[in-house]
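Two complexes come next, and they have one chain in common, chain A, joined by chain B in the first and chain C in the second.
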Partner chain A sequence: MYVAVKGGEGAIDNAHALLAHERRGPTHIADLAPEQIESQLALAVDRVMAEGSLYDPALAALAIKQSRGDLIEAIFLVRAFRTTLPRFGASQPLDTSAMAIERRISATFKDLPGGQVLGPTFDYTHRLIDFMLAAGVAPPPPVEAPAETEPTPRVTDLLDGEGLIEAETATGNEDVGDLTRTPLDFPANRDLRLQALARGDEGFLLALGYSTQRGYGRTHPFVGEIRFGEVEAEFVPEELGFAVPLGPVAVTECQMVNQFHGSAEVPPQFTRGYGLVFGQSERKAMSMSLVDRALRTREFGEDVVAPAQDEEFVLSHCDNVQATGFVEHLKLPHYVDFQAELGLVRQMRTEYFARQEELKEAAE
Partner chain B sequence: MAACTAASPDELAATLAGVPHPSEIVDLRATESGLVMLRGRMGGDGRPFNLGEATVTRAAVRLPDGRTGFAYQLGRDAAKARNAAILDALWQGPERAAVEAAIAPVRARIEAEAAARARRVAATRVNFFTMVRGED
Partner chain C sequence: MNAAANAQSTGYNFAYLDEQTKRMIRRAILKAIAIPGYQVPFASREMPMPYGWGTGGVQVTAAIIGPDDVLKVIDQGSDDTTNAVSIRKFFAKTAGVETTTETKRATIIQTRHRIPERELTAKQTIVFQVPIPEPLRFLEPRETETRKLHALADYGLMHVKLYEDIARHGHIATTYDYPVEVAGRYVMNPSPTPKFDNPKMDMSPALQLFGAGREKRIYAVPPFTKVRSLDFEDHPFKVQTFDTPCALCGVENVYLDEVVLDDRGGRMFVCSDSDFCEERRAEGHRGELSGEEPAFLKTAPAVEGEAT
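After this line comes the complex of A and B, so read on.
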């Protein structure tokens, strides 16, 4: 029997009021300002910008406050916000070689032209809880040294001369796919794959990248280079016809260099995987580059044998807003669906017992 | 223009206050916030792809003498974008020197911060050395 139900409005309103109360917490503790989140929980802000696919630190900080620190909820809020704004156009491609470097490391070239700088990193810390932070002790001022003026070329350019490493080819004004305008279709080109990975869930991509290291689609990766810092975004407005600076954008870039045995057409050379992410997120950029390379499997005539190489699997499941939407919708009322299932199971049980009875009678 | 994008809203308001300008300024287009899709390149130098969007606010103004000014800036601050557009219009005429002088402290602040950051980063440079092998 179909029963239409209505109600719960009062309960919903009161639940949201309670949520606001719990979000605020005990009032004898100072209210958290979005500016504090933006400056002191900067890596959470970076993650929300990257996966929310919207560069706006102040907005991401506010979303984190609103979501009580639930980052996927904050990402959802940011995604919803972006749908309310018109799009002015697309920027000139960011020139990461002109980055104001804040961190730059290579696991393959010790003496990198331009040098290796560690920058603000958790690497080499002992991962011991620092109780001084709870005591509110001010940190010592950072050490200074004469600034570098050497250019910092991409590490992948160093091997380019010998053809030992696959070269990227920049062609003219070709169409750039945009999955926010056209639904993904398979097989998807690398531009669409990179867009999906750049906004994909860090945890999901981390697990997939890890799976390739453990043997599920091995790619023999080396970190050619990781760099983090600000690059100037440029945009050509229609009415001006020349590029204007929009402002600095902080990004992390990872160049993964992978072994490749070659084929009948291609001599042996290193192939590449690429990661580019808003903000400072090395884990995400590295995972992205591992999965980017894994998804290029077919391009190199290799067999698709592992989940990380299966683009339909990866791209259909890497978006955490889509994923959480479908998983969490299960908690919404399914009374009618369940009623139907209930009726079906009852009928099947009646038939089952009737059959059992018949068998018993036949045996006797 | 680059100094205007990196300036704080207060800095830009102070910059504009430091340049004599007419009060009858017409908006050629209502100042509005929107999105610009930021692009990257595969491998840093290959074919372009869409990295993700950024909020951008744009303003377009006209001075009584007919000069026009434009601004496109990251973020959602309408007043700041409009101030930048007015400065852009003023810069294209006799007030150029006054605009340059008014924005000089902002530029100096941005450069000093970038230089301090570069010095702090330089202190984290890794200097590798080879250990002497103990074969003899």
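After this line comes the complex of A and C, so read on.
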């Protein structure tokens, strides 16, 4: 019994010792080094960094090892670590046009300044299990090309030049909200919405983004551009007064371009949906940009008719650490409440059968 | 152990949270005490235990606990429930405070789902872990709407719900999470305690604090505050009653847990408050089954504060 009997403490310790044993697995197989996870399961590491909202590949890899590959558990570990770190302030906005591009594609233009760069992608691979991997065959060396040194302008900047897409200008309000430091309030501004989405569960956002494509809040999206690579993060320390580099972060950025018919105040133009995540995750960045655009429904005077457009619904449920905690808390004992319900159901059943009996007697 | 020595041995600040965070939580607590029953938003932190497993209560306790406090943690009324053990160990480790299972010795009692049977005193603070702080949540899922309803003291929805219960069942069919009105103003969720415990909240000498971590809300009932369970004149509020006394200590008029003894319908009812039951048995009280209690209910001497 796991319930409120004596001995809970010993049982917990024993359970955790067993967990450590199971995590190690059979000892004739080599122990998995976090460095192997970091380099060879890099996309899992990226997801843990993105949803753990902490850029630290080594720590994320260790968390994946500790969680036995349960990524939401690993995200939770990273979040719980993150919360103990001091917060110095907000970085300068990332300049993604200065990104060291590893991959960059646009679905809206055949060719464009900077070109289309496929980079490391699963796209166009045939999804056939590769048994050579099990055999440990080394892959052939990749083809090399000189690195692009010119900045690569974003597709949205090209459209912006013609006024075809809504302008996105700084509000002048330098203070960016931080949803880890202040409770989220509705309606939330876009900075907080994007923060929530960037930390949000990939699967949840994927499903919501998908739902908009199937007509639950359609936004007519085009992938203006997806790019992945390293960008320099910069920070202005108060005592210096100028920006100093903190180091490079690898990010995936997605700019979704959406049709908009215009309104009384605004001429017809394209609107934006934005996605930015740590590491390489196009699925997450694209889903995020679909949901971002859907959440801007009210801003464009459109009706909120679908779940993806409903800010309170999306933001309250997109965090998988919150969601998994509350779903899994049902494992905790609830027998005090259940006792109360047992008593009630017994009472209602007694009343029900008494009524049946009365009816029967009346009929006779 | 003093705070500095503790920080050295665990690598964390006293009671885990940093002082800035504690200050932020204390401000929320003070506001909550000033507006009894009102849900104060606070910047809930990610804790090293899952949301929904007591992170709100843990943050409140961490913000108010001092080195001289004596902490008791219960879940379902018992000190030995796995999650209560885990939270007690957490504070024994990060704050180095003394812990106890005795209600009367505790200065802070963190609880999930119960209020101890022994009347609390003015020197005690009880901290509730709350999953869903909003009493109107299942009538109106939107926070934007429920906050408006509270601001306008518009509790018609709740009264209609209770009325519909009566219309359908002949009585109010809410057995836990039974809504209360605090100090004649805010309708409050007593956290999912059974309604049996609602009367204990009324004019309690102890400070009652409620923490909901995932939902980022803190609320409070100050000492000696009127707490009224919602009801109707012709359908007054009633608590659960049990037909049998506790099978171990023979007490009546307390909340009992049903323990299944076999697969042939065998049942026994024992005190949900395990400390209360133990204390009575130590005083010599006996229930009908205490002579032949099952091995798993036998009490081992409680060893506290020796977790490594």
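What we mean here is this: the second predicted complex is superposed on the first by the 351 of 364 C-alpha atoms of A that agree within 3 Å, B and C clash if a C-alpha of one lies under 4 Å from a C-alpha of the other, contacts with A are read in each partner's own complex, and residues count from 1 in each chain.
The criterion applied here is as follows: a residue touches a chain if its C-beta (ideal position, glycine included) is under 8 Å from a C-beta of that chain, and two chains touch if they have at least 3 such contacts.
What you see is a predicted model, and the numbers here were worked out from it, not measured in a lab.
Aligning the two structures on chain A places chain B and chain C next to each other without any clash. With both structures placed on the common chain, the touch criterion links A:Ala354 to neither chain B nor chain C.
Angle at chain A between chain B and chain C, computed from CA centres in the superposed arrangement: 110 degrees, to the nearest 10.
Set against each other, chain B and chain C touch different numbers of residues in chain A, with B touching more. In the superposed model, A:Glu253 lies in contact with chain B only, and not with chain C.
In the superposition on chain A, A:Ala20 makes contact with neither chain B nor chain C.
Of the two partner chains placed around the shared chain by superposition, chain C is the only one that A:Gln339 touches, whereas chain B remains out of contact. In the overlay built on the shared chain, the residue A:Leu164 is in contact with neither chain B nor chain C. By the touch criterion defined above, A:Arg82 lies against chain B and chain C together after alignment on the C-alpha atoms of chain A.
Using the contact criterion defined above for the overlaid structures, shared-chain residue A:Met132 touches neither chain B nor chain C, since it reaches no partner. Overlay on chain A (Cα): least separation between chain B and chain C is 12 Å. Chain A uses residues 82, 86, 180 to touch chain B in one structure and chain C in the other. Chain contact summary for the complex, chain B toward chain A: residues 1-2, 5-6, 32-56, 58, 60, 70, 72-76, 114-126, 128. Per the touch definition, chain C reaches chain A in the complex via residues 12, 18, 41-48, 50-53, 55, 75-78, 80-86, 89, 112-114, 131, 142-144, 169-170, 173, 175-177, 192-196, 214, 216, 240, 255-258, 272, 274, 296-300, 307.
Of all residues in chain A, those touching chain C in their complex are 1-9, 11-12, 76, 79-80, 82-84, 86, 180-187, 312, 316, 321-322, 324-329, 332-337, 339-344, 348, 351.
If you check the complex, the residues on chain A that touch chain B are 49-50, 53-56, 58-59, 82, 85-94, 96-97, 100-103, 105, 110-111, 115-119, 142-148, 154, 156-157, 168-171, 174, 176-180, 190-192, 194-195, 198-199, 232-233, 235, 237, 239-240, 244-249, 251, 253, 255, 272, 274, 276, 278.
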